[in-house]
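What follows is a pair of complexes built around chain A, which joins chain B in one and chain C in the other.
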Partner chain A sequence: MSEILRCDNIYKSYGAKPALNGVTLTVESGKIIGLLGPNGAGKTTLIKLINGLLTPTSGALTIMGNTPGVKTKTLVSYLPDVSYLNNWMTVEKIVAMFADFYDDFRFDLAYEMIERLGIDRKERLKSLSKGNKEKVCLILVMSRSAKLYVLDEPIAGVDPATRDYIISTIINNYNPEASVLISTHLISDIESVLDDVIFIKDGQIVLHDTVDQIREAHGKSVDDLFREVFKW
Partner chain B sequence: MVRKLIKYDFSSYLKLLLPVQLILLGIAALNRIIQLFEDGSSTVYNIVFGSSVFLYVVSIIIAIVLTFVVSIVRFYQGMYSNEGYLSHTLPVTPTQHIFSKLIVTMLFYLGTFASIILSFIIVTLGEMNIEIIKATGFLIGRYTEYSDGNFILYLIEFVLLIFVSFISSTLCMYFCISVGQLAKKRKILLAFGAYFGLYIISQIIGTILIIIFSTLNYEAMNRISMWIIENITAFFHIVFIGGIILELVVSLIYFLITRFIMSKKLNLT
Partner chain C sequence: MNWKPDKKRPICPQLCEHLCVLIATRKIGAGEKLMSVRELAVSAGVTPNTVQKSFEQLEQKGIIHSIRGSGWYVNEDTQLAAEIMRKLVADKTTSYLNDMYGLGLTKESIIEMIKEYQNE
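Right, the complex of A and B next:
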């Protein structure tokens, strides 16, 4: 197993308010990791830092030894928690765009998944249903042979059937030498596929362990432990 | 990578601006067709023709304004709205993004200019075209003759100055939008604030220069005026080339600040 992501004592503040307060963590290859925490805990801030959309106030973050930049963008495949594709584009155009910019994009895999969903490749994104649009976004992200997949709330706001589709797509398509970091607060839906979990609270990592270890040490599921740690 | 960015930026601009340019050409054609029904002093004809000329002039203004607006909107959407999540995670640098958007904007300004010229040719199609070409050729010949060959140089410098001014005004908008996105809320309001801030700064610099100039004594002013009169050809070259250099320096400042904000101060919400 090799190290994919390393965060050394990262601080990030928006004005006076710290969003991340000394985050140190290492993510190794071949794992599906849940980044779990309540709203405002710092999950999205950490994810934005990994993707170079923010710069840390202090501390160092590297992806396979590289600080966020053009090189790391070829290594990380990112699904944001917002609708980020240009709506007037057709499915075909957006697939071509991903293939144009990312050398690791697998055209055949993307179309295989799109066709299995019965989505017309000539259709514009704006005419797709919310669920189908989210599926297309996930297909684009998972069709890359990246080293780190970062999925921000991939199952929030979709129906249970779509949720299942998204989870199975993640499991079936990620490269075993890569890692998947999934941010969510819908733990029970995703717990069965996770290898490790990271609990983040008030900008700090409060727990980073394997799912098996958590079950063994605490005698409860990750979902139950989450409810206990983040009880109001 | 810039070529790939240009490809996608171009198609997003084209989708918005092609209909505008086609409408401009359509209105020009309509105006020319109306001219075929000219019958001397008919009031109906005069009203219809007058309206079509008005419509033609308005469509030219709209074509120019929309090119400017689309350039600003596409930069904002591509860089700082939700689309920014994709733009800034593509393996390209902020410099490449700025260059791509700037090149596509300049291409569309040229396209709009070409459409206006073409529309003018359509409106004056026929004998009038030949007359205009003849008159233009005659004027160029006369000016070249009188200006001792400097006319062509002036023309090149003037066209360059206009081109560089368009680059500088586009980068100015990118700068204002980038400053605006630093705000947590009311990003567009701050962008307008940045624009008016720049306007005030330029006014202050202009006033200071006028004050400095007015403090010169009479003799110095007289010497400068005399030099200008004696070297009028050189003076115009200095004005044009000085203008080009000034616009380039200002453009570089806008570009560097925009690039810094895009690299270090992104604030996608």
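Right, the complex of A and C next:
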């Protein structure tokens, strides 16, 4: 197991109120990790820092020893919480664009998954159903041979069948040398496929443990514990 | 896979128990090959690490074994799996009975009730 991600005492503020208030954590390879917290806890801020879309106000963040930049774009595969793809493009064009952008993109894998879904590669993104669009986005992200997959709210607003598809795609593409970081507030749907969970609250990590340890120590599901920690 | 784990308990021991039940009830026969770690992870909806850990624990107990480069196999002797299943049945029965006693039922009325259920 090697270290994939390290955060050392990270602060990030957009104004007076800090979005991240001293976050320290490490993520090792071979893990599927849930980043859990209510809206406004700092999940997306942390994810944007990992992707170099924001820079920390203070503290250091490294991905396999590199600060976010050109090099880490080759290590991190990112699924944002909002679609950024051009709706008028065909599936084929988007796949070609990804292959062009990323050296580690696996064409064969992407098409295998797209074909299994019965999606026509000539179809335009805008004519796909919401569920199929989400699936295509996930396929693109998971078809890279990255070291860290960062999925921001991949299961929000999708039907149960699509959710199951997304979860099994994540497990199917499991690689012991890479890690998957999934942010969500829908814990009960996903907790059994997580190795570790990180609870984030008011910009701070309040818990970082394995799912089984949490169940063992508290005698309750991660979802139940989450509701307790974050009740208001 | 028809498996409904208890969300309050750690997943790994529950997966071990479930595999023992499958072995004890001959759904997976003695000497038979198990699903691969990844296949079972997808089918059970758990992480591959949980499956790996469960396989290793069952190997330690002497219920399954691995063959390098081939996969995981059920041992010829399935006695221990059967024993674990018996214990599981005993635990569930005890817990059910305690619940019923807690509701004020007597042993006789519980037995009557179970008989009635059989007829439905």
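Everything below uses one rule, namely that the second predicted complex is superposed on the first by the 232 of 232 C-alpha atoms of A that agree within 3 Å, B and C clash if a C-alpha of one lies under 4 Å from a C-alpha of the other, contacts with A are read in each partner's own complex, and residues count from 1 in each chain.
One rule holds for everything that comes next: a contact is a pair of C-beta atoms (placed from the backbone, for glycine too) under 8 Å apart; a residue touches a chain by one contact, two chains touch by 3 or more.
All of these numbers come straight from a predicted model, not from anything done at the bench.
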| item | value |
| --- | --- |
| When chain B and chain C are modelled together on chain A, clash or fit | fit |
| Chain B versus chain C as contact partner of A:P80, first or second or both or neither | first |
| Partner chain in contact with A:S2 - chain B first, chain C second, else both or neither | neither |
| Which of chain B and chain C A:T57 touches, first, second, both or neither | neither |
| C-alpha centroid angle, chain C to chain B via chain A, nearest 10° | 160 |
| Contacts of A:S168 with chain B and chain C, given as first, second, both or neither | second |
| Partner chain(s) touched by A:S127 [first = chain B, second = chain C, both, neither] | neither |
| Which of chain B and chain C A:T24 touches, first, second, both or neither | neither |
| Lowest C-alpha to C-alpha distance for chain C against chain B (Å) | 27 |
| Contact residues of chain A, present in both the chain B and the chain C interface | none |
| In the complex, chain C residues that touch chain A | 5, 7-12, 38, 41-42, 45-50 |
| Touching residues (chain side chain A, partner chain C) in the complex | 30-32, 167-168, 171-172, 174, 188, 191-195, 211-213, 215-216, 219-221, 223-224 |
| Residue ranges of chain B touching chain A (in the complex, touch as defined) | 1, 4, 7-8, 12, 15, 82-86, 88-93, 184, 264, 266, 268 |
| Chain A to chain B touching residues, read off their complex | 14, 48, 51-55, 70-71, 73-74, 76, 78, 80, 82-86, 88, 97, 100-102 |
